[in-house]
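Labels for the chains are A, B and C, by order of writing; each one numbers its residues from 1.
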Amino acid sequence: MSKSKINVGNFFEDFKIGQVIRHAAPRTVTVGEVALYTALYLPRFAVQSSTAFAQAIGYERAPIDDLLVFHLVLGKTVPDVSLNAIANLGYADFKFLIPVYPGDTLSATSEVIGLKENSNKETGVVYVRTTGANQRGETVLSYARWVMVKKRDRDAPVGPEIVPDLPKSVAPSELGKAAPPINVGAYDKALAGSRYIWGDYEQGEKIDHIDGMTVEEAEHQLATRLYQNNSKVHFNQYYEAQGRFGKRIIYGGHVISLARALSFNGLENVFHISAVNGGRHVNPLFAGGTVFAWSEVLEKAEIPGRQDIGALRLRLVATKDKPCADFPLHGAEGKPDPAVLLDLDYWGVLPR
Amino acid sequence: MSKSKINVGNFFEDFKIGQVIRHAAPRTVTVGEVALYTALYLPRFAVQSSTAFAQAIGYERAPIDDLLVFHLVLGKTVPDVSLNAIANLGYADFKFLIPVYPGDTLSATSEVIGLKENSNKETGVVYVRTTGANQRGETVLSYARWVMVKKRDRDAPVGPEIVPDLPKSVAPSELGKAAPPINVGAYDKALAGSRYIWGDYEQGEKIDHIDGMTVEEAEHQLATRLYQNNSKVHFNQYYEAQGRFGKRIIYGGHVISLARALSFNGLENVFHISAVNGGRHVNPLFAGGTVFAWSEVLEKAEIPGRQDIGALRLRLVATKDKPCADFPLHGAEGKPDPAVLLDLDYWGVLPR
Amino acid sequence: MSKSKINVGNFFEDFKIGQVIRHAAPRTVTVGEVALYTALYLPRFAVQSSTAFAQAIGYERAPIDDLLVFHLVLGKTVPDVSLNAIANLGYADFKFLIPVYPGDTLSATSEVIGLKENSNKETGVVYVRTTGANQRGETVLSYARWVMVKKRDRDAPVGPEIVPDLPKSVAPSELGKAAPPINVGAYDKALAGSRYIWGDYEQGEKIDHIDGMTVEEAEHQLATRLYQNNSKVHFNQYYEAQGRFGKRIIYGGHVISLARALSFNGLENVFHISAVNGGRHVNPLFAGGTVFAWSEVLEKAEIPGRQDIGALRLRLVATKDKPCADFPLHGAEGKPDPAVLLDLDYWGVLPR
């Protein structure tokens, strides 16, 4: 009886194709979350930092940072989707669709869109399509994600393998949905911190963001709790001391936010992440590590129907304890550089 | 002259029966405090997490977490009541009476209701009745608390011993005052995270909340400062290095909030603490410790006049570095288990 | 190409007399920042803590803490002024001019008012006049600051030496601009925490604030990021491990805020810092240190035209791991006591 009311998370064999999960704990996002997010990462993008700046260019007020929206939505899915996950494998078709403002309430729903048992029969890959909605029921964020989840029982029967067909990248025509029409004339580049806009970047250009940020245990714990992400590995040193690494693993999203904030130096006007094409957490990060980052312009795209903003497809790479002047990515023999933490492929938008 | 304007706190012989102390530093509680509270403990109760959820069931908006209200009120009393306390002995007749919302300003008053010198003449027990009020002067919280306080002067004369007659528990008829009439039909159990409501719990039922949370120095210091609780032992490593434990002692209320947040897993719909019958901080916690928790349903009660909500009298036990699958409480020879930090007896309310 | 878009900061030879720099990242200050500020320092001044208290005496609502305004304004200047600074030399003519309220957006501008190359030709002193403005363009804060900045190229030619003539102190007639007319009758001294007002302090009086606060890495990093101050030395253990001290240096402003919060005990009614006459960061602080503080009343002044408030010119001294019962300041042979971190000279205002 003692555990009957306890959520121990779903195991691979608990998921069914087409199953829709309404996740618990809707969350009202406020200026309180915004201030903490600033204190955790040091973002300086003017649109999110200043209501006056945001309103001047066309927002209702300063929107919630895209990644904060993502973390809050993902956090809700953890108890149902990834409490028994052993690896966070990937993201695809990840789009921000409507701006989120302080006072909005976010909730999340996931549909199981793919299931594939691994040959060891001890784990399987679960693919979900997660949507985050606001209090009016409008979808603010939609993404596909796949994670490797343990089976409760090696011998449990599972259904046929279904692997969803996911796009390699989000098409430019789908970008910019969460950016209102921007009054480019009112966009003050000096206040934003750089004179470089869309036309100033070139495909193939690489940028070393030069700064580094050391992460403390208290910081990543505060962040991950702020997102109501209750994944055990981030918080419980008693168990992790006996685990794979002997220490708490930092939530991968924490690294994304650190790298994004570091990328301000060189990408000051990329004020909005419109879509994520894909991403991998290449290595885990632990407290005490210092995160560095670099970016590469993979592609430049016009957004159909938008003269105000253009899109840059950017690779954002984060490393641990390794400055990025030589843009580390691959190590010896084609293996990833062991210092690489994150390899993210996203569409950022900036004024034209 | 140098110390004449300094508050060094009251000593046992400074308290008089019937003395009323208006505590300093009224405090406006905002969504800023709410966000930090979430980041410190990972609470996920839907009523406090979501304005949309709270309004749907009958609140004006998402109320401030009961324990945050408690910590803020208690924090104000510290400079006057417990700056020279050496032990926090107990609570009784502890009731939440009105919801607190962001924007409300809390202030606190204490009346001395009992005094009892210890036989060693070096300390005595001070009993106070503390009330927290909002900016309209309405009492939002009322509790009796007793602490062991040092005497300044062993030979100082003291008055006759007066020990107040405090109830062992709060009567069901006094519960639910701070919960508005709940529209149970609008209470979305999936969003709240569990299908189990009042009728599903049984007296004697025990729940292991399974998760654990490791506490860092920065975290408990941030929390305790957030509550404007200036008790020296939590912040000053220079002095504590020479003290009883050689390290800073974590505010006992931090453990209560951690245990309450952990108890979400199994008590998801117990959205409100209505009263505390009693509680003991059995052992101190230090940074680096991992807190686990379990609960027992001590009693089930209907609340007279309320068809919307029912009450569960719950024992909430927190431990340090000890998972709670076997519900640790007593150790060898009837002594408390040395891993037990907290033994709290409270009334929670949940939908019927 | 890789670094062409990167801000590596200005070097001494990049500054020109009369140059005006509009700093990036305007910032909307909210109750989120206020809550974090409380959690970082434990301030208890009633005016900033309580909207009800502030409104009763004449403010629109609880104003943003003066030092939080200062940190936010200074943070903006770092990327342009002090990214290549090796010492923060001083402040002068530092005045708060208008109250800042939650919701206001702060931006900052600096004018270069002095330049003086050092004889080693490797560094020089840059003097700037920085003003912080709100969203209506009103100046909320103005100060002169000088820092020692590296030269990029030892042989770069520099202009003639210009050292601005800065006042040794702010005149009483310039004080109180950011304090509205105070309804002294409504100022509740019990709620504020002390019965001592302007008339109760005497020139030469020294106050040991008795309490101490130990600083953790996570805390000063959260604070400094909250201020969007991206000075490298505070965050990057990878580099600092190889640096002068082998560890991260705590932002000097963190010490000012800690000392100011500690000074509540003894200066409870000094609710507002009106001006700073000068200040020196005497020694650096590192995580693990415990900060203590003491104050001396250097001068008492009436503020022309104000019967409601009076001014105290206060020396605020902070120390590391050294209680202040004997008011440490000078060490052996006229050198500063090596435990002294901060020696600040400011005008505080309080009710008459």
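Rule of thumb we're sticking to: contacts are C-beta pairs under 8 Å (C-beta built on N, C-alpha and C of every residue); 3 or more make two chains touch, one makes a residue touch a chain.
Molecules present, by chain and UniProt name: A, B, C = MaoC family dehydratase.
Quick caveat: nothing in here was measured; it's all calculated off a predicted structure.
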Same or different contact residues where chain C meets its copy chain A, judged by the half mark: different
Relative orientation of copies chain A and chain B, as a Cα rotation angle in degrees, nearest 5: 120
Centroid spacing, where centroids are CA-atom means, of chain A and chain C in whole angstrom: 36
Residues of chain A touching at least two other chains: 30-33, 35-36, 216-219, 222
Touch list for chain C against partner chain B, complex: 30-36, 38-42, 44-46, 49-53, 62, 190-194, 196, 200, 205-214, 216-219, 222, 265-268, 288, 290, 292, 321, 323, 325, 327
Sites on chain C touched by chain A in the complex: 1-3, 5-8, 22, 24-28, 30-33, 35-36, 79, 103, 105, 107, 135, 216-219, 221-223, 225-226, 228, 230, 232, 235-239, 248
